[in-house]
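Pasting a structure here, questions to come.
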Amino acid sequence: MNEHDAVFAQLATLGASLVLLFGIALLWRRSLRAYTKAFQWQSLVLSGMFVLVGYFGHDPQLYLMAVFFFVLKVLVIPWYLARLQRQVGGERESQPYVNIATSLITSGVLVLLAYIITRPVVRVSALPTRGGLPLAVGLIFVGLFVTITRRKALTQVVGFLVLENGIAMLAVLGTYGIPLIIELGVFLDVLMGFLVMQVFVYHIHGTFESIDVDQLDQLKH
Amino acid sequence: MMLILFLVMISAYLLGAFAALLSGRGAVGRGLVSAGAAVGSAAGLALGVLVIASGFPLTFTSARLLPLTGVALRLDGLGAFFLVVVGLVGCAAAIYAFGYSAQYAGRYSLRLLGVMFNLLLLALSLQVMADNALTFLVLWEAMSLTAYWLVLTEHDQRGTVRAGVWYLAMTHAGFAALIAMFLLLSGAELTTSFASMRAGAALLSPGSRNVVFLLALFGFGAKSGIIPLHVWLPMAHPVAPSHVSALLSGVVIKMGIYGLVRVLLDLMGGGPAWWGGVVLGVGAVSALLGVLYALMEHDLKRLLAYHSVENIGIILIGIGAGLIFHSYGLMTLAALGFISGLYHTINHASFKGLLFLGAGSVLHATGTRNMEEMGGLIKRMPWTALFFLVGSVAISALPPLNGFVSEWLVFQSLLGGSNIPTPEVAVVMPIAVGILALTSGLAAACFVKAFGITFLAIPRSREAEHAHESPPSMLAGMALLAIACVALGLAPFVVVPALGRVLAGLGGLPDTHAVFSLNLSLVAPNNFASMSPTLVALGLLFLLGLVPLVMLIFRVNRRWRVSDSWGCGRAGQTSRMEYTATAFAEPLRRVFAELYRPTKELSIDFHPDSKYFVQSIEYRSEITPWFEKVLYGPLLWFIRFVASLVRRLQSGSVHIYLFYIFVVLLILLLIARWS
Amino acid sequence: MTGYLLEISQALMALALAPGLVGFVRWWKARLQGRRGAPPWLVYYDLRKLFGKEVVISKNASWLFRFTPYLVFSSTLAVTLLVPLIAAPLPFDRVGDLLLVVYLLLLGTFFLALAGLDPGTAFGGMGASREMTIAAIAEPTIALSIFGLAVGAGSTNLGRIVAQTLAHPGAAISPGHLLGFAALFIVMLAETGRLPVDNPSTHLELTMIHEAMTLEYSGRYLALIEWAAALRLLIFFSLLANMFAPWGVATTLTPVAVSVAVIALIAKLGALGLVVALLETRLAKLRLFRVPELLAVSFVLALLAVTSSFLLR
Amino acid sequence: MSLFAKIWRTPAVTEAVGQDPEAQVAVVARQIGERARKLFGRSLHIVEVDAGSCNGCELEISALGNPYYDMERFGLHFVASPRHADCLLVTGPVTRNMAEPLKRTYDATPDPKIVIAIGDCAINCGVFKDSYAVVGGVDKVIPVNVFVPGCPPEPVDILRGILSALDRLPRK
């Protein structure tokens, strides 16, 4: 491995760790605002990763992707989230299904699992970015975990978005970005999904005066 | 020389038992019993040291003593090491027993106590020498039964009989597993000598080797109280007389460790990596849960019993790591793992023995095991307090005492995990490191509680206020173990090479006795790390002397005055204002609430006239013992169900029973015909 | 011989610098609060005054209470002999490794907690209980960070770790290294009783952790304990600084290298002190039962640090 | 982040020693610095006892710690336990319930120590004089070095009181 690739590998792993850290930071926080903030920072670092991979991987398309990504995930979605939050009130994720310390340790174990699962891939891969692959898979797990264990509809939405970030990171690190058109399609999907969820949040809030999804079981009666 | 020691040992134990039979009561009788046990243990200790030092095993066989295979005894290095453990704790317990058992005179059978105590020691001493399966099993049963009688000494106390039944049931379940294990090991020719098993084990199919492993883990694990087979341990150990508790916790459960090492490493010659992984995992879980349950315990002896579970866990972490390294052929690291496990074994024997003897002295002085009724004993029982403090520091793995040294070795063997070629396995090691560190931290917290609440501050009850120091014989017993704690901590550069020699050759381990130590300090393999508890202790002592001296030179104000405790100026301090053991453990109970699942019950009685006046508040909080509930509940239910079915077979008629025997005989003969 | 001289002078230097470091952090905090603040050297005056005062001892306390200050001070001072503050490797490097350092500090905590229980006051017991809880929960992170460092350097001996990082400067920005630093930093805050775990300047007993144990101490005993606490801060700072960013540590014993090392150490301590002061200005104290969550964060960081340096070989 | 921006913009608001010689705080403070150094090595740890005050004096005392007066720069420091203290600041008339705690606090403080009674109530019970609930001034219960009159006294007066207490203390 030459000097150039070595620096690239180091930076890619560092960036991926940072992205993952913001995902884990999510688990520690309680207020919805902190969730949004953490997501925003994570997306910012991730768009930086796009630029990084674009620069070292000599793929100018990725710069464009980075811009899209930045606009959508650092500006638009957080802004929307903030608006939603104002409308539904500042509820806190005070009682997740799994308490915070346990969530944190579980997430650590999930990342460990991700390392073990991706090990065969990483071992045969020659990419300089391979160090980040387990972290991306770990981030997907953490996102899923957030979605599963948090009670509020909004925090679940953030969990979903984090999961999507994980997929994006996997794509950019694993293949240096899939073709632009597919990527754009995915972005659009995410946006659509997000909007649908937003509508749901409104409705849940309108019906129960709360966005605690625990209340949904009342619909049975 | 060795043979003489061997004979002295056996005859001393037998004489002790005999003396107990003749005259259990009175100072002379107790003296003879104790003397027999003490001389026997001392001889055993000397014999073990001699065998380790010389490297020559001692053998003794007699075909006539036992049918089928005869008695075969062979004391090799490993056995000698465990004999040293037996001798050390046995000697201290025997000396202690002279003073301690005086209180039993007239209340309980001193005769039975004396006989069983000596016989247990004898069984333990011979156990480690057994060289064929039958001898091993017979001695194993002898050990279990004598221990059972000892547990039952205070048979009229609440819980004793129940504890005895649990103990007997668990130990026999384990015994059954051991019989099956030896049957498998003996192969088709039904050879029972260990030497032929050693040769035959390699020929077994992997499947039956795995079954042997699982049976060994169950059988020996039930004896050493690994989680989840530990439930009997915190019941049985506390109710026994304290010197017996010391022996049970310090030595008897170590026989499980002995068995595991003997079978897995010596007879089977190691196994695949997952064996080690399972042992390590069981060890880690036992260590962590053991200390967590100990934290919630306010019965001093039960607390210590849970710590035995924890320490068995730590030992198993070391042995598990050793097995993993062994399976990868990393022999030096494997030796390090086993050495750390064995070192912790003798360390745990010494400090747990010491702590149980200390707890016995406290019990002797106050008549209670409940820590919430103690306090202030450091002024009333200064020596006991000092010894207990030594034990507490040692068990909390604080330098420079022995607990730290062996935990350091366990840590080092886990750190060696980076040498394992497959990272999927290696990743177990950092997790084990985390758990071990948490365990030792929690153990320190637990012993701050145990020592602080028991010995410090103001007495919390009348009994504690009128406590008195124990008689000299009890103090002498404790002093012996306290010295052992210090010595084992300061001389690892002697102990570790000796252990290296003990392990050399077992399962193909190389002789590593030169690898690990460098004058006065310990070195991990590949020069990974080095540490010298001896120099640290010297340095600490030096600084402890230097600091006051410097303060004297600089003419620091040396005046002091005694005054009330500062409590924000309130009028008087009573013991009810002190922090209790429950309160001390409360933060940790909240932190680990997911595990403990505490139940809370608060009932307030209001004054009949106005609900603004409270007459009494009752608060009750317990932790859910979910092992008993989830694991053993269904099991017990099943056993009862089966038992009720079996009961239908019972009719009371002799004819029917004879019929059963006849049918069984017929079936057996038929099977024998076609197999 | 020079090595031993250096060893002793290093311990003396640590003794001399430690109160100043505490004063320095306090001074920065005062400045950040818009106050002039006490000069950093006030802590030295505090100590001198305390050594000159008489001691008042509770009538319930035992010999343990009077023995503890000496033990706490000695064990902490012993650690300064083992930690490479200005030079590596030191002659005492073989006497103890990182694990020993951690457990020696735990020894001090253990006895201090006992001394907190000794006078039989509720506050002392409360402090002891909390301190031990936090110390216990912080252990896994410390051990895992050590694991990460040791696997990277091939040793748990401090001198070797320093030498290894000096030899491979690229490793210092590897994720494992940075995550380990972050994990150990959080633990450092908990172990030295800084915000957001414990408030070193609180006067309210109910919010205290460390100080609640020392409420009964006075005069020279208090001076020893406070000095030991300051030393502890210095030890953790210099561990963080020299394990993860060892530049400036002298590897040869020339006067130039040593003086550079001293200056580098003071600069690093100053920088870390400033960071802590900034953090303490920014952060509120956590509720006691959120502290385990914080430590769980640090544990996860350490776990990631280990796995990334361990599984990506 | 915004917090630090604000901190950056705001200068230290403490009255500087020597910048404005007229400022009483500065003069008193410098004197305290000198005296305290002689006796207590420039550090004076204070524990405050409210023996039954109306909390008026407490307000003034706590003002000593604010950025304007910032008494910490002279080495004056409030501590939590009298075991750590050199100086007791006692406020209020001593009520019957507080007489015993006050005595205990005095007893718990290691020598050398000084006692300063703050406010009129601490001198002669002020408006609470002759009430059935009070014992009397602070000096009825423990020896007092200095009285600081005022209802409540200003922070500068309190500083001055501490100063004169340091003056009057018998040399060792």
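To keep things simple, chains are lettered A, B, C and D as they appear, and every chain counts its residues starting from 1.
Here is the rule we use: a contact is a pair of C-beta atoms (placed from the backbone, for glycine too) under 8 Å apart; a residue touches a chain by one contact, two chains touch by 3 or more.
Small disclaimer: the values here were computed from a predicted structure and weren't measured.
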Quick check on this structure: which chain has its C-alpha centroid closest to the centroid of all protein C-alpha atoms?
C
Using the average of all C-alpha atoms in each chain as its centre, how far is it in Å between subunit B and subunit D?
58
Here the gap between subunit B and subunit C, centre to centre from mean Cα coordinates and rounded to Å, is 35
Centroid distance [mean C-alpha coordinates] between subunit B and subunit A, Å
49
Express in whole angstrom the distance between the two chain centres, defined as the mean CA positions of subunit C and subunit D.
33
Two or more other chains touching the same residue: where does that happen in subunit C?
52-56, 205, 215-216, 219, 292, 299, 303, 307, 311
Where in subunit D do residues touch two or more of the other chains?
81, 83, 108, 110-111
By the touch definition above, subunit B meets two or more other chains at residues 423, 427, 431, 559, 561, 563-564, 566, 568, 591
Dump the list of chain pairs that touch, please.
A-B, A-C, B-C, B-D, C-D
In the complex, subunit D residues that touch subunit B:
49, 81-83, 98, 100-102, 104-105, 107-108, 110-111
How about subunit B: which of its residues touch subunit A in the complex?
423-424, 427, 431, 591, 594
Residues of subunit C that touch subunit D when the two form their complex:
30-39, 42, 45-46, 48-49, 52-56, 202-205, 208, 211, 215-219, 222, 278, 281-282
Contact set on subunit B toward subunit C in their complex:
375-376, 378-379, 385, 389, 393, 396-399, 404, 408, 411-412, 414-415, 418, 423, 426-427, 429-431, 433-438, 440-442, 444-445, 447-449, 451-453, 456-458, 518, 521, 524, 526-532, 535-536, 539-540, 543-544, 546-548, 551, 554, 556-568, 573, 575, 577-579, 583-588, 590-591
Within their complex, subunit A touches subunit C through residues 6, 10, 13-14, 16-17, 20-21, 24-25, 28, 100-101, 104-105, 107-108, 111-112, 115-116, 119, 122, 131, 134
